[in-house]
Every structure is written in structure tokens, then in C-alpha cells.
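Two complexes are shown next, each including chain A; its partner changes from chain B in the first to chain C in the second.
What follows is the complex of A and B.
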């Protein structure tokens, strides 16, 4: 074992995700770089938007142009919208059969294990390549229960058009922040899910987003409506090969959790390190409903990611479990937001952050308990682990409590791997490097244990816990 | 004058309106009404300059100083000296608003206790107060502040501290009354093994505002910062607590802890809490915790079964929180005086 191996925690092994097949310009249609009214209109025409959507896009563009950037968070100076291509369409039609997907695109998803996962453990899959879905399918038995899982553009013109119009960007309006407005103007692709009352989708649905074009943006919209008493586990995966130019991901997820319904939304985010991941996710939960967020953030150059739960009905609940790993050159600003807006609601937040090799990991959260949320409870636990002297870790939790009958607890810890714990494990016959690896694996287990086995394994691979040497 | 003060070292979501405090129509055009009771060994100086010590309120506090035209009252305590008496200051906010600045240099091994009592202000009175302390190596300062300027009075009370090697600051603050109280505190722990212990007790009544910003910048190795905050909010009280422990690169083996416990009574209050830990040094230990809510039902039942009314129970607990902070005051004379003023029963 080399000396280097003994003193360094290996970075995440990205070779699985960094591959790309050679593509020529003829394989794609794309709009010009930058963001103008003409580009938005071209995109709208290309997608055959209904009139209301075209108007919506233009209004959102107007909001984007007039909205200031936030005065907090990681720097996004390296992102120049004039250099971003907002729409890149592979020259293929969406299919429900992998055989019809062009070979290079299919090979990409094969390499990522998506078709295999669909066969083994998923009720349905949507696969997006750059700005458009290239594959979408749902198992017959799930569709027979009345579950709708389709690309959002098709749904926009089908029997669920009114439902989409009623819900689209109502939870995350374009006025929310600058990149929500950008999303409203140039969104493309994404999934629509509707689960009828009482239906339990026992095995998960998954959407996988692959951004392959250099200098491009991906703006998929995911709209999930789970009706009364229903259950859904939705998995989102994302990756991209690394380029020397900035890529942008500004997706949006809106989830409506009906009365007594439960939605689990799991994400393994592994964008490449040239990616600006400015994503917005939000769930509104009705009476006795529950939203469970499980989130692993490993990739991207800069991330702003704070899934938000609006607990709008009595006894509504939210759980948020996440792990963030920031390595060299990464600034991952992640966390969550919870708004308690009805009596006896409850929220639980459990996060872990790891940073190494000048990586910056920030946990940022807000818990708001409104005046009407009497009897509500909230508990937050966030822990940060720094693996070397070059890294940075910040915790920025905020609480705004407006009723005396709330019960709010918050605790946070920051530090390094305990020498005592390593010593103890060594005294039980475990090598130092394995002891440290075990501690880091255990540290991230809050998320691993919440994921289906295949994804937990993927997450462990991502963290590269097979540390070949001890930590610096 | 309108100023923005008490900025968090790093901002968070703007819609929460926690990043800083907007102070409206705060003027300092009047003459200060203060009483100073000096102590032995403390020497008054005229050419002391502590302007490089940053305070918690931030740069805009200088605008108040400029408006008032006031000059600092400066003192030096010589090496190794420990005055027998407590240095006492009493400030009564005046209607036109006033500004006072107190600068202290406490030399190596010296120990100073300062009691500042802000009380009995004019109706609608206002006072800006800036205290800056430079603690040289092994110096110790006990700073005790009792804030009760009057029901309709407003104050901005700001502190900046610099600590040398093994220097120690014990800060005890009691916020008991005031229409608007803005409290800034920033400490620079440059010296190895320097230490701050901050104990705060507050009682914010209906219609009052307490806005706080506490920052510990830890540069030296083996430095320690500890914040212990106990408070009660009643009915339409508003409070914003920002607490930051900032472990700077190189402050290895340092520790920091902050804890806030808030009891909420009645309805209509706004309680905001933001406990930050910023960390660019791996070999440190930082924790923060917050506990916010009403009294546990079982405790309430027990106390009622002992014959206490609901109002009486809250009064008792409110006083107990204040008393817990009084108990941390290192100076016995001051502690006893405040214990008499604020009996538990």
C-alpha cells in the first residue's frame, strides 16, 4: 500500500458517470445559447404548448429578467446564462420500448443500470436525455390500478390537462426565486404522476435524468399528485459527464400529498463537477398525510437544494433524511425547509454532511411554525464531519415559531472523526483504515438505511467508502 | 435615522427576515444622562483608540456615534491589578436619544468587573451604547449588563471584545424590559486558550422587541466559547436570536457551544432563532442546541396540584430563568444585589 493511500480519503469514483459517447451536431436539435423571448417562443413552438403555457413561459421570463439573485449562498459567478443552451432535443421520439431508443442513448442508460433496475425493482421508468424524455414506461399491473405515469408534455394535452393546469407551478410559483422563474420560462421534459385514491404503489417509480450536452441546461418538471389514502415511492436519479464548461440544472418538483396519503421521494444526485445544480422541490401535505424526503447529494460544482414541506392539513407530517458529500472543488449548499401550517403537524429532520479536500458543505434549513399550527412538533438533528484541514463545513439553521403550544428541538454537532472511537475499534482488532471507513459509513447510514438496497449500494459506492488508507 | 444592524456573518433565506435588523427613526441627538462610579486602579485616558475592534451591531453603529458627536470614555487597568470595587455605569435613556461609548484596555493579568445598568429612561427615550474591551494576555473581565430602560424606551447596546492569550471574558446580561432592544456582541478570540462565557437571561413582554446578534470568532488554538441563553416570551413579544460560533482555520482543539431555551407564554409571539456554526478547522468541537416551547403538561399539572395558579407558575419560571443567569455572575456583591431585586418568589 502506498503512502498516499494511507493518508488520503479517495474522492468519489466518477468513472461510471463520466463516460460519454461521441455525438455529432446532427444527432440533436438545439436552440441558441442565452435566454431571450425568441428562444422561449421557439421552445414553446417546438413543444407545441397550449396557449396558456406559452403565456406562462413569457410571464416567467419577465419575472426572471426583473428578479435579483439572492444575497446568500454559494457563489454562482461561473454561471453565465448567455453561454447556456436551454433546450437540446435528441432527434428521436419518446418510446415505451428500449429497443426503439437510439443505440448510443440506450447504451448510456444501460451503463447506468436503468433498464436492469426497471426489470428488477421498479414499477415504471422515465428516462430523460438532455431536454427530452426518450423512454417512458409503466408496468401494466400498475397502470391497471389507474396510476398515471407519463411524460408531462403528453399529459398536458391528454385527459389530465386540466389537472396539470390547476397544479403546474402553483406550489413553486415563478416568483419564488430567480431560478424558479427561469424554470417556468424554459422547462422541458419531466414526469407526471397521478395515484388514485387508496392505491398503494408497492414498488417504486423512477425518473432518471441524464444531461449529456456540454454547456446545456436541464429544466425538467416533475408533478406528482397522490390522492387520498394512496402511497407512492418515487426515485429520482441524475448524472452527467464532466465538461470544462458550466452546465445548469434548474429542475422543479411539485408534490401534492392528499389526505392520509404518503409519498416517499428519494434522490441520489450525482451531477458532474461542472454542474450548477439549482433545483427546487416542494411538497404540500394534506390532513394526516406524510412526505418523506430521502436525499443523497454527491455531485455538482455548486448546489442549492432545500426540499420544502408545507404541512397544510391537521396531523400532516414530514421526514427529511439526507447526506451530503462535498469533495474537491465542490460547494454544496443543501438542507430543507418546513412550514407548519395546521394544528398538530410534525416534522423530523436528520442530516449528515461530510466535507474533504477543500470541499464546502453547508447545511441550511428553516422551520416555520405558524400561529395556527398549535400543538405542532419539530425536531432537527444535523451533524457534520470534516475529513481534513482544507475542508469547510457550516450549519445555518433558522427557526421561526409563532405559537406557544409548539414543541421545537434542534441540535447540531460539528467535528472530526473521534480518535477515541478509532482507538476502541483498533483495540477490537480492526485496522485503523477500516475503523475510519466504518465510522464514515455509519455516519451516512441515516440515508442508506432509508433507500432500497440497490440504491444504498450505489450510495456507498458514491461515497467511496472503500478507503484504501487512513484519513489524514 | 434608519440603520441596518446585527447582520449575521453569513446570510440565509431572505424571506425569513432574520439576516439583519432594520432600525427605524433611531436618533442620538440628545445629551447622555449617565452616572459613572469609578473604581480604584482604573485610569482614565484620552487618546485610546480601539476602533479596530469590531462590534456585533456592525459598521452602521458609527452613524449613531457621528450623529451624537460623542467621544469615548476610555479606561486602562494596569498589569496585574484587580480593583476592590466594581466599575459601575448607570444610563438613563433620554427622549432626544443619546450615544455613549466606553473603551477599556485591561492589561496582562489584570481583572476588572463592570456593571452597566440601563434603567429608568424617559418615556420614548432612546440610548445607543458601545462598549469595546481589549483584554491583553491573561486578563479577565466580568461584564454585567442589566437592561431595563423603561416600557417605552429603545436601546442599541453593542459590544466588541478582543482577547489575548488565556484572556477570559464573562458576560452576563439580563433583558427585563424595553420597547425595542437591539443587542450586538462580537468577540475575537485571537490568543491561545482565550475564553468567553456568555450567559443571557431575557423576559420579553407583550409588544416588546428583543433583537440579538452574538458572534465568537475563534482564531487561537484551544479557545473556548460558550453561550447559554434562557428566555421567556409573553403574548405578542418578538425576539430574534442570532448566535454564531466561527471556527477559523488554525484554531485547532477549540471548542464552542451555544444553547438557547425559550419558554413561550400566551399567544401571538414571534420567536426567531438562528444558531450558526461556521467551520474551516477540522480539529474542533462545536455544538448548538435549541429548545422552544411551552411548559410540559405534567410539570404544569404537578405545580397546579401544589396550589399555584397558571399565571403564578409562569411568573415563577420566568423569575427562575432570570435567577439562573444572576447565579452565573462572578461578582458576589452584584449578584446579591440583583438577587434581592429579583427574588424567585
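What follows is the complex of A and C.
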């Protein structure tokens, strides 16, 4: 039975997901020194910042220059911080025509089942055409309910300028860490959403319409404010490959969940494999409010991603579901943080990590239950699946419990795909490759079943693509 | 090569270094019902697994033919496509994969064509009714949290949906209460009625056999078939146990 006796996992060809550009030296600025005040001021001027924002950027720059580099977790040595200016200046436009998009990317879109309009948008083609149209339609529909959905730059000059000033980087201050400071200094692009009291936004708002402006994907800022009793589902990115000219992504997401309000924030990230994804996401939840994080991390070379929920009002709740898939050459350090800051708050964390070839998948969590958070509950369940002997998976949970009246649980499981399970599925006519993919998709269903159908299908297709070539 | 459906020829096989089957031959014609009996550890399940092509078992010598084709080295999914099916003794639990999605994928894989969702749902509901299965089970994760009886019913459900030419029932009746055995038997009868498919029944229990006409009985002991005969053998085993064959084994 030599055909199916042994399975060997090989490196999968992730270049499938990468846009390839022929770059010439003239295409981009060459500045040898690090980030300077002049560069930040130029950026601020180009963006027509209000005075306070210009000052904010300069302060953040100061903090950035004085902060130590992150030295825990996955190595980010490959990041050339001296050349940070090249990250700030978009060096080239995304392809302007669908026919210029490389064939392998088109094929990937095909395999992922992404509709044409969306493909154009994702490829940066339709940013001015189809996707803008779709975006404007969505905008009109929600605007009728009094919802504001725009880029931050526009909002900064509109009627919500004061609201932005009041909330911008208050949840993730530039002092938080070096990349938060960098973000504060050079942020560009992103989304602003405001949902007025009692308004339930029925259709999910999707950010990729906003993210495809050239260079906007690197330091984008997402600010979401959902007022009392309102509901919003916001979807960031999608499962298609995202290519960025520079290899650093230091975005920031801030979500303010009002009393009795619920926000669901869904992300499927599939950065190209050269990317250092150092992203910061945080939500503050008021009394009886709820934040639901749904997160899938697939791409990037290195990721640091730990969405944080601050449960600030009584009965505030947080749910976190995530899947991380680390293939060859990837080190994905993901997890979440929860701070229980009021009585009877509750948090539920349900994560799945998959690692393949020499991929490293680390789950890191921090649960803090403060003294005043009496009667609070927290349950964490993390499961890891290693697809071969070369893959690696770690679980690093931290808990800080300061009241005796809290109920805290943590469960961790690490496993491999059982040969018997593969044989079982094969006995029903399913190929070995598909059998393994089905088991992995099932493992990732904690996220799959939380996503809107078209995203769930895309994620499943993405898993199948990742599983391709895993059998020798 | 005759018109036989399955032909196992002098099969020697086992796990790693341990030889479990020591030269087993068996021939099943289309539509026949064969019963394999024998004490624990005789190699009954091993034989079933080898016909299905479980890669954890290693063939040392001998051959397996299906409809005249040598399938000894063929992967399990190819065998399933040829029309071989096995009801597992311990069906595996697959989290996140619903019974319905699984059966649909399997139906499409074995039939090598797409099935219409509406037709599939109707067919599935019909067969679940035959098996007294609550329709809710279709939406549940495959075998996760199923009782022993429900797992076996789910196996027979797959048998009915896939309509194989040969079905191996590996201890399908073990550990079931009398009502469950009756339900499973009804499912097997339905399979026979629908497709007249052949059966290899591995069992300790005569109950599942009561409603079937058995063509051949094989007694497997210590990796060898020590006796083959018609259904009168069943009565003999029932009365005297396997002890009467020990002499013949030597």
C-alpha cells in the first residue's frame, strides 16, 4: 500500500498569494535615515491634518523614537526600521487595470470564489470604479439610518471632528508600545463608523472598500463608535491575498461599545508572506454591552495580534473566536486580552491554532479580573492542531485574578490529525488530501460558523488551498 | 478470473511486524451474504480493514481482487469509488463537520458527480426515517456526542445513501440493545432490497442475521479460516462455541 502509506508535508507555495511587481529603483524614495520630524510634517501637510492631529503625530513620533524595540515573542529582526520612511511613502500605485494583475493572483481569486467586482477591488483595480460604486451604495443605505461610515481623513473635517478628537488613540495610546507610537505618527487611511443610539445596522459594513487606496493598508486606523442600544457588524479585510508594497503593517482598531450595544468585529487576514503584521485592536465595552471578535489569521511572515476587550461597565461581555493557520516560514503569535473592570462581566475565548511544515503558531492570552469585578466569569478554551512533525504550537496563558468571587476557567488541547479519522473519510470515497482538509476545516469551524456565508466559504477555500500539496 | 465480486487470495498481513492474517482466502459473488465469525483477536476486523485498504495495516503477501481488478495496493478512496463500503466498529468523531455535509460529500465523491441539494435532502430524510433517526442528527457534528446506537445508525445511513456493491459490517451489532439491533437490521434489509448488494458481516451476535438469508459462514481463528460452510454452521457455533474447530485448526 505504498500509495497511501505515508504522508509528507511539504512547503506550500505561498507565492501563489503574492502580487509580484517588477520594481525599479526610481519607483520609490530612498532615504537612509529613520523617521524624522520633517517626514511626519510633510505627511501631515499632505493629509491636511487639523492642528491637533499634527501635534499628536509629533508627540507620537517622540514616543516612538524613545521606545525600546519589542523583544519578546516572534523575531522581527527582518524588519528594517532604519528604512521606515519607505514604508510611509507609498512607492508605487497598485495595478490600475485588471489585465495587469498577475495570472496567479487571478487564479487565486478564482479558487477562492471571489466575485468579479470584489476581485477588481481587491486587486486595486476597482478602487475608483466598481468598489467605489458598491461602497457608495452601502454608504447611502446606512446613512439613511443616521450611520456615519467614511474614511477618517474626511471625517476629521466634517461634523464628527470633535467626536474623533475625543476618541482617537484614547483606547490605544501611542505610549502603549513602539508600533502604537509609530502608528500615531504616520497613520493614514482607514475607517470611521458611528452608529447612533438604538440603530441596528442590518448589513455588515466591510472595510476593504476603504483599504484599497494606494498605501492605505499599512497604518490604517479604524475608529468605531457604537452608541447606546445599537448594533453593528464590521468586517475587516477578507480572505483574498492582500499585497502591500512595504512589509510592515501596524494598523490600529479602536472600538467603543456603548451601553446595551453590541459590536461584532470580523477579520480574515491573509497578508502576503513577507509581511510583519503588528496590529493593535482594542474595544471598550460599557454596561450591558457586548463585543464579539471573530478572527482568522492566515498570511504574513510574522504576526503579533491580540485583540483586547476592556469590560468597563457592569454585565459587559466579550466573546472571542479565532483561527490561526501558520504554514512554512510563518510565525504567528496570536491570542487575546481581556480586562474585567466592573462587576458581573463575562468573557469567553475560543481559539484554534493550526501549524504546518515549520510554521509556528503561538496562542497567548491574558485575562485580568480586577478587584471590583466581583461575580465575573471568564472561560478560555484553546485547541491546537499540528499537521506534521516539523510544525510547532505553543500555548501561553496568563491570568491575574484579584477577587475571590470570580469564576475563571482555562482549557487547552493539543493534537494531531488521527490516521484513523483520515481512513474513515477515505472509506467514503474522499481523497486523502480532501479528508485532511475537511478535518482542518471542521477544526476551524468555531470561526467558520460565525462568519457570513460568503466569507465562510472563502475561508474554507483558503484552508483547502493551504492544505494543497501537504501530501507526498 | 471468474465473475466474483471480491476475491481475497492467500492474504498474509498485519500491523508493523506482527502478522495477524496468515493466509486467508475468501470469494464473494455479487449479492451474496457472507458471515465471518470467530473468537476475539482472530483477525476478523483486520480482514475487513484490509479489504477497505486501511494504510495502518501492511500486506506481506497475497492479493485482493474486486471485480477482477487487483486492488491490493489501491488507496481506500479508490476502493470506495469501486463500490466497497465498511461500517466501522468504532466510527470516528469529526468536530465541525455535520453528518449531512459529510454524507453529501461522500455521495458526490463515490458517485463522482454533483448531487442536487434538494434531492439529497429528500433522500437523506427518507433513509433517516427508515432508521428511526431524529432529523436533527443531520445537522450535528459527525458522531460527536452520538450514543453507540446512533453512531451505528449513522453508519447504516451512509450505507443506504452510498449503495455500495459490497458492504462490510464490522461488529455493527455489538453493544446495541435489542431495539437498536432491530433498527439496524431493518436498514440492512432496506439496502438489500434497494441494491441487492453483497454483505460481509463480521459479528459475534446471531440477532442481526435472523432476518437475512446467509449464503456462507466462515470461521476465522488465529488468522486462518478454519471452516467454511452454509448457514447450518451458525447453529453449530451457537450450540458448541468455537472449541469444536480447534481440532481442525491443527
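Assume the second predicted complex is superposed on the first by the 340 of 472 C-alpha atoms of A that agree within 3 Å, B and C clash if a C-alpha of one lies under 4 Å from a C-alpha of the other, contacts with A are read in each partner's own complex, and residues count from 1 in each chain.
Just so it is clear, a contact is a pair of C-beta atoms (placed from the backbone, for glycine too) under 8 Å apart; a residue touches a chain by one contact, two chains touch by 3 or more.
Fair warning: this is a prediction, and the values are worked out from it, not measured in the lab.
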{"item": "A:428 touches, of chain B and chain C: first, second, both or neither?", "value": "second"}
{"item": "Chain B versus chain C as contact partner of A:409, first or second or both or neither", "value": "first"}
{"item": "Per-residue contact with chain A, leading partner among chain C and chain B", "value": "B"}
{"item": "Touched partner set for A:439, first chain B, second chain C, both or neither", "value": "second"}
{"item": "Chain B versus chain C as contact partner of A:296, first or second or both or neither", "value": "neither"}
{"item": "First (chain B), second (chain C), both or neither touched by A:448", "value": "second"}
{"item": "Contacts of A:420 with chain B and chain C, given as first, second, both or neither", "value": "second"}
{"item": "Common ground on chain A, meaning residues reached by chain C in one complex and by chain B in the other", "value": "none"}
{"item": "Residue numbers on chain A that touch chain C, as the complex places them", "value": "1-5, 418-421, 423-432, 434-435, 438-439, 441-446, 448-449"}
{"item": "Chain B residues within the chain A interface of the complex", "value": "10-14, 16, 18-19, 233, 247, 249, 262, 264-294"}
{"item": "Residues of chain C touching chain A in the complex", "value": "52-59, 72-77, 79-81, 85-86, 88, 91-92, 94-97, 102, 105-106, 109-110, 141, 158, 162"}
{"item": "Complex contacts: residues of chain A adjacent to chain B", "value": "70-72, 337, 364, 366, 368, 371, 384, 386-389, 391-416"}
